[in-house]
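Each of the next two complexes has subunit A plus one other chain: subunit B in the first, subunit C in the second.
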Partner chain A sequence: MSRVAAASPPPRSVWDSLNPVRLLGELSETRYWMYLLLLPSALLITAVVLYPTVYGFQMSFHEMRLNRPALGTGFVGLKHYARMVSDPIFWTSLVNTAAWVTSSIILEFLVGLIAALALNRNLPGTKVLAVLILIPYFLPNVVAGHMWALMLDPRLGVINDVLVRIGWLESYKAWFADPTTAMGAAIVVEVWHSFPFFTLLIMAGLKGIPADLYKAADIDGAGAFSQLRLITLPMLKTIIAAAVILRVIGLVNSPDLLLILTSGGPGRSTQVLSLYAFQTAYKDFNFGYAGALSVVMFVLLMGFAYIYIRLSKVNQD
Partner chain B sequence: MADARTPPFRLNLGRFIVYAVLLFAVCFYGIPLLWLLLAGTRSQSSLFADPPFSIGNWETFLVTWNNLTTYNNFQIVSWAANSAIYSVGGVLLSLFASIPAGYALAASEFPGRKLILVVTLIAMITPSTAVVLPIFLEMNLLGLNNSYAGMILVSGFFPFGVYLTYVYFSTSLPKGVMDSARVDGANRFELFTRIALPLARPIVALVAFFSFIGIWSNYFLAFVLLSDDKLYNLPVGLTVLISTSGALSNLPANDVPIKKPEVILAAILVILPVLLIFIVAQRFVRSGTLSGAEKG
Partner chain C sequence: MATLSIKGVRKSFGALEVLKNIDLELEDGGFLVLLGPSGCGKSTLLSIIAGLEPSSGGDVVIGERNVNDVHPKDRNIAMVFQSYALYPTMAVRRNIGFGLEMRKVPQAEREAAVQRAANLLQIEHLLDRKPAQLSGGQRQRVAMGRAIVRDPDLFLFDEPLSNLDAKLRVEMRTEIKRLHDRLGTSVVYVTHDQVEAMTLGTKVAVMREGLIQQIADPQTIYERPANMFVAGFIGSPTMNFLTGTLELAEGGLLLRHGDGALPLVGLEQDVAGFVGKTVVAGIRPESLSAGTGAAMLSGTVDVVEPTGPDTMVLINVGGQVISARLGSRDRPKLGAPLSVVVDTTAVNLFDPETGVRI
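The block that comes next holds the complex of A and B.
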């Protein structure tokens, strides 16, 4: 009895062969291991991005009006896209989107660059200031939006109070109720909320510029401004491009702030594409047309995404 | 602190400009926040009558607090609990998906690796508004609309985490140690759990931080996916509170105890966890994002 036991390998109990650590250990020696590690992420990406994207494309070629089920969900070909071409609200939204994105990004970049250059000087106090400046970037959109709505309030807004005191305004102004100022006011809120993103990335880029370049420029007698123009900005080219593209995608994408501040009004003065698609779906319940609007946005943004992927180094290593 | 990498501008005038710029930035940011925090302690009438930066008193604050928390049978408390459940669930799910995937992409070559990297990058920048309608219909199909599971599933999606982990492991995996562990008979599962995971602590913290901030602040997805007011998270709840009470629209007086001070206090509740976590975590967040950005 004992002789047999000694000769054969220790018996595997049922529990032992079900032991997950052991099972994973054995599985890890097969060629499926890397795919197993990727599985949770792949499932999530499929559920939250791949499947919905395909579904969205399909939606845009079908009739889909949740409030008029009698119309059915048949294939309608390019009907929604044809409607878009002659839809004045679509064109207004497109123009507004361009204005909203371009002016926000230009201002965010300028403010972000100046703040990054200042913080990069490592003077006493800049460490604390860097933390303070980053805080708003992490504030929820909803809070930033409501807070500014309150501060620009026509009756008790701090901003109105300050502007009247220093004489820039005659009386309190309802910034978001006037079609000529609503977009501008929304842009101020957006710049306030997001310029630290540029600061963060530009500060990272500044750390990578060799100090010798500046020393050489000093010897050649280049002033601060030409150093900025000839050394700093060219060296930061890639990082600035990446930051701009990521912000374009973020801005085109997220209607949160405008939804809270103006809902696209007054009139159509702050209507942007993402907001229009959202309202088409949840106010008019026209999912087909909303799907088509989303597809147009998706295609526009993928153009930017393509540039981003070319810039990032994934393709090179 | 002027080290070898002193940036441009050497004049004293430069120094003056730097501080002027920073002072302006701090005002631009600090004043709105300060105003918000102070306003939380003041009464409705004080908000209209007193100077913008006056401080209220403790009694007013307690009354406001009481009005807010007891309103509609402690509604805001359950919204806060929902926010906590979505955030914790979502963060755990995003870690469970990101860390192994990032490790797999960094640790070895295998067929399809490059494709998966590109898909991850695309997923990172896919327009969320373009997919939000299909996600809504998909969740309907799965019966997950208006459920904790559905919100956690969507919140746990965080391809940026995969990318950060990939960047981190590409530079920090000790290839020598791993090779000799391999010679000593460790299997590849043990390489992952005994060598990579203990090293991963900083990246786990960074991914958890970013995904927490994203989920806690998420308004749009929650707004679309949740229609049952018992399941709202705080950002959606705050907006609903504001629109149903009319607190910010200067409507004529009504019986709802939710006025401006209550709304402001609710807004402070939404930002407080984010602020606290950011202040605790800012050191590694800055260095972490920086190293990620330099490589990206």
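The block that comes next holds the complex of A and C.
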């Protein structure tokens, strides 16, 4: 009996039972504590991710044209989606988005891979180069865009000057004013800006491949290309898959570089979905239709990510 | 199958000299073990033989061919790595056949060779698995399969058993020995484990700090070590070193140590020049036994360690502690006086200044 008495807590005063520190302490012993700890992040995610997403979905089913308030904000069902099907700009944007994303990703991956393989050789100077090569990626899109717009300028651009001097061009060219070159020039800028992302991730992956594998392959008689194809790339599969998904999401969603370089022109030759949605919202003030365009992009990205992960078989190992 | 000869091979990394003028000869079908502590240069030497590391000087000759400037793939060697170095994204079948695939061997021939190697190593049931799905011992077998499938002139093993648990290590050791007996291919085998060296090698090269200390058959290394480093490195528990003065008495040579004197009967060494000087007697624990005889060492019992088959006893002989491997039934009491008989024919005398066997 005396033992039980000794173990029971001392009687608490009124002040004690109101003491918040004490109450928290007691709560921390219960299973509700973990929900309390999750609460701040749950609130934050709800505020900055969940609510805008749901709001965007909701907007796509409503009328919301800021320049025609008389139309109100009523529910319009699938009206925006129906309009999209017969909207030639939407289809042009979709095709342009596919071209823009595919070409950029392939080139960024190839340049990034070559840079990573070169920097991974531990030659003198590679450590400094590995930092320098990341600089384009650190530049904000806006800065990179304006810089390249100036360098490719038809009157005073340094690139035109160089190309004319070495004889590749007869006269200065307005790269972004010609529908046949605008997309290509924009892709060059995008690749320059974002290939370091691939370089960085691939270099991290290369560090994880045991050197013994290459020694064994040397003895087995595999040349450099076979080693790349049969050892390096398969071992980098997961990292490459992750990098590609992240870059595709970034490319599909960000209109900023094209906005600065071409604003979707000339004509519609560089119009992509994100830019179209942006312009629909902030030039035409048609938030309902812009919301619908965004939802379509969202669904397309989800579909892409799902199919890509399935095809790349990263989940199998 | 081929001979291997290494002539004056050196290797430096900057100012650090890790191999200093190495000379080695391996007969056709021989099993050479490079043995030494970490950092002695044994793995570097193996890499130089494989061609994975350029030497800073000297020649590597496999068969009749100087291979200094020959790419690893053209040296007709096969190597088993400590990490096994199996290609993680390929199934076992392709791992084993990879060397043949790279040499453009036709598929049917390749399949047959892989099957033969798998049969020999009893891994047929693993051929379609990925390395990640294998246990350590199975990976080891696959790594060996990859080596034997090509029928090379020379096998190189770089500490192949050190990632295995004790039981598996013994099993695979036997397996490697059986494989060597069966295939008859010359082997260079790197290890820091003296038991592996003694059991596998037809020839053992003990290395230290980039130099070969002794190269001989295992028995010679064990019984007649060239210096105190080799003597101490080989054998477990290690050889006892008893310091004393060599004297010439009426009955013959005598080692005077502290209060005692050990008659050195049947000594094979010519030690005439050392009479009256300090020498170190190397005595293996198993050269000591309970009983009485002409040559005895007396002291007090310090520690008794029964191991099952024998009892290891540490005896304090006039301030110098020596270990004796006694019979399992010999259980002397702690602190009690104990005399043991010395098999003086197995004693080696060393020069304490140079450490070299006299």
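Definition applied: the second predicted complex is superposed on the first by the 263 of 317 C-alpha atoms of A that agree within 3 Å, B and C clash if a C-alpha of one lies under 4 Å from a C-alpha of the other, contacts with A are read in each partner's own complex, and residues count from 1 in each chain.
Simple rule for what comes next: contacts are C-beta pairs under 8 Å (C-beta built on N, C-alpha and C of every residue); 3 or more make two chains touch, one makes a residue touch a chain.
All values derive from a computational prediction rather than experimental measurement.
In the model built by aligning both structures on subunit A, subunit B fits alongside subunit C without clashing. Of the two partner chains, neither subunit B nor subunit C is touched by A:Leu110.
With both structures placed on the common chain, the touch criterion links A:Pro234 to subunit C but leaves subunit B unconnected.
Residue contacts after overlaying the shared chain place A:Asp161 against subunit B, while subunit C stays out of touching range. Looking at the shared chain after the overlay, A:Ile219 reaches subunit C, while subunit B stays out of its contact range.
Of the two partner chains placed around the shared chain by superposition, subunit B is the only one that A:Glu29 touches, whereas subunit C remains out of contact. The larger set of touched subunit A residues comes from B, when the choice is between subunit B and subunit C. Between subunit B and subunit C the least C-alpha distance in the superposed model amounts to 9 Å. Counting contacts by the rule stated earlier, residues 210, 218, 231 of subunit A appear in both its interface with subunit B and its interface with subunit C. Taken together, the subunit B residues at the contact with subunit A in this complex read 1-11, 14-15, 17-19, 21-22, 25-26, 28-33, 35-36, 39, 47-48, 52, 93, 96-98, 100-101, 103-105, 107-108, 110, 113-114, 116-123, 125-135, 137-138, 153-154, 156-157, 159, 162, 187-190, 192, 213, 216-217, 219-220, 224, 235, 238-239, 242, 248, 250, 260, 263-264, 267, 270-271, 274-275, 278-279, 282, 286, 289-291, 293-296.
The touching residues of subunit A, when paired with subunit C in their complex, are 210, 212-213, 215-223, 226, 230-231, 234-235, 237, 317. Those residues of subunit A that touch subunit B in the shared complex are 21, 24-29, 31, 33-35, 37-38, 40-45, 47-53, 55-56, 59, 111, 114-115, 117-126, 129-136, 138-143, 146-151, 153, 155-156, 158, 161, 192, 200-201, 203-211, 214, 218, 224, 227-228, 231-232, 239, 242, 246, 249, 252-256, 259-260, 274, 277-278, 281-282, 287, 290-291, 294-295, 297-298, 301-302, 304-305, 308-309, 312-315. If you check the complex, the residues on subunit C that touch subunit A are 47, 50-52, 71-73, 77-79, 81-83, 85, 87-90, 98-99, 102-103, 130, 132, 146.
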